[in-house]
Amino acid sequence: MSCRVTVRIQSEPFDTADEITAISGGDNDVGAVVTFSGLCRDEAGTLHALEIEHYPGMAEAEIGRIADAAAKRWPVTALTVVHRHGKIGIGEQIVLVVAASRHRQAAFSAAEFLMDFLKSRAPFWKKEHRCDGTEGGWVDAKEADDAALSRWDRGKQG
Amino acid sequence: MSCRVTVRIQSEPFDTADEITAISGGDNDVGAVVTFSGLCRDEAGTLHALEIEHYPGMAEAEIGRIADAAAKRWPVTALTVVHRHGKIGIGEQIVLVVAASRHRQAAFSAAEFLMDFLKSRAPFWKKEHRCDGTEGGWVDAKEADDAALSRWDRGKQG
Amino acid sequence: MKLVYFAWVRERIGIAEEDVSPPAGVATVRDLLEWLKTRGEEYAEALKYPDAIRVAINQEHVRHDERIAGAREIGLFPPMTGG
Amino acid sequence: MKLVYFAWVRERIGIAEEDVSPPAGVATVRDLLEWLKTRGEEYAEALKYPDAIRVAINQEHVRHDERIAGAREIGLFPPMTGG
């Protein structure tokens, strides 16, 4: 089964509705579209913005590899990943994943898989800008995110 | 944890972007928004439209009960379900589920749970209108949809 | 009590709703389905396979062994195909 | 070969990229990290805990036991926090 994979890394905001239309429009065999939007939280009012650094070239390539792995594993018709870099204000979108498929299970699984791998494998780093004007430093990787990867281990699940 | 639950049954189309904005706008503690859109497929070119019948009153109440169950089970900040009735053309949206939470896992799980229960518990029925002008009859319930419910059995999974 | 019918149950019975007063012995949903089947050809046809009929009392799903005493509204319909 | 640094690895070393020619004995990623630590205070500080450093050769993730022969570009960075 062929799957259209679209990956974009950009500093500009993006429009979720446009991405949904782009992925499902014109394909009358799409019955399910799942989206994931990751937003910048204010961390209980202490955070002013996030600055996102990335590894140009590798970021696109690695996300493409993750999307290809998802497309091999589930019968999805299209996958889109848009990830922003640069300064991101509170409430703004950081990342968008869109997965389209005939039936819902494939789209849900592919979107979750993409997000789990993006978190721990895509070369992006977040730095905090705090409301009090100080730099909050680099956000630490979470053990929970590494743990999330293990459930996709083929030996353990389907 | 309080969760805002919004349920709407309507014949008019809806705008996914508006629903995402409504669920996450103004709440700076939302880090993850998952949406599911169910679209009308053309079934290999044979289908012209779907006609969706529902049980007014019970449809809203039952979806509300399903959403409340999801909100009890996962730390979601808001859940929206919009389900259309009446005639739905190919490629149009039938149902939208939006789940917002601090971290991604809760939003993914709540959205999947809502869809699984909507499919088998919400009082809607689909009738096919075929391209050749004949009525395709009522869509049969799928055993796969009933099976999907069993995985949410508390005894089996966290 | 008011009965409401949906989808092919509604089409086969030929009406969307009606008020009925079942006799005293009709205690459960299962009893109700059997009694309705005696009311005419169209009912017998619509409810031929009782296990295929889903039932809601006062707009909440119930099983066929549920008692119907006190029900204001009972909905009869095929397995649902929403979403 | 070209080395590229990101996030706090870049900040601590003080430059974003450089060309280096490691001596012959430097065969693996692990060897490279140890050799870089000898190049000055800032390198020693940035690479103090080698296990915390993630490495990509030619823009693909590799483990620390990977050989670096033939690498055009090696990226050194902290654990990723995308998404």
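The letters A, B, C and D name the chains in turn, as written, and every chain counts its residues from 1.
Everything below uses one rule, namely that a contact is a pair of C-beta atoms (placed from the backbone, for glycine too) under 8 Å apart; a residue touches a chain by one contact, two chains touch by 3 or more.
No experiment lies behind these values; they were computed from the predicted model shown.
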Separation of subunit C from subunit D, taking each centre as the mean of its C-alpha atoms, in whole Å: 72
Subunit B and subunit D, separation of their C-alpha mean positions in angstrom: 48
Distance from subunit C to subunit B - Cα centre to Cα centre, in angstrom: 26
Set of subunit D residues in contact with two or more other chains: 83
Residues of subunit A touching at least two other chains: 38, 104, 115
Topology of the chain contact graph, where touching chains are joined (line, ring, star, complete, other): line
Chain pairs in mutual contact under the definition given at the outset: A-B, A-D, B-C
Complex contact set, residues of subunit A against subunit B: 15-17, 20, 24-25, 28-42, 44-45, 90-91, 102, 104-105, 107-108, 111-112, 115, 148
Contact footprint of subunit C on subunit B as seen in their complex: 38, 52-55, 57-59, 61-62, 83, 94-95, 115, 118-127, 138-142
In the complex with subunit B, residue positions of subunit C that touch it: 4, 6-8, 56, 59-61, 75, 77-83
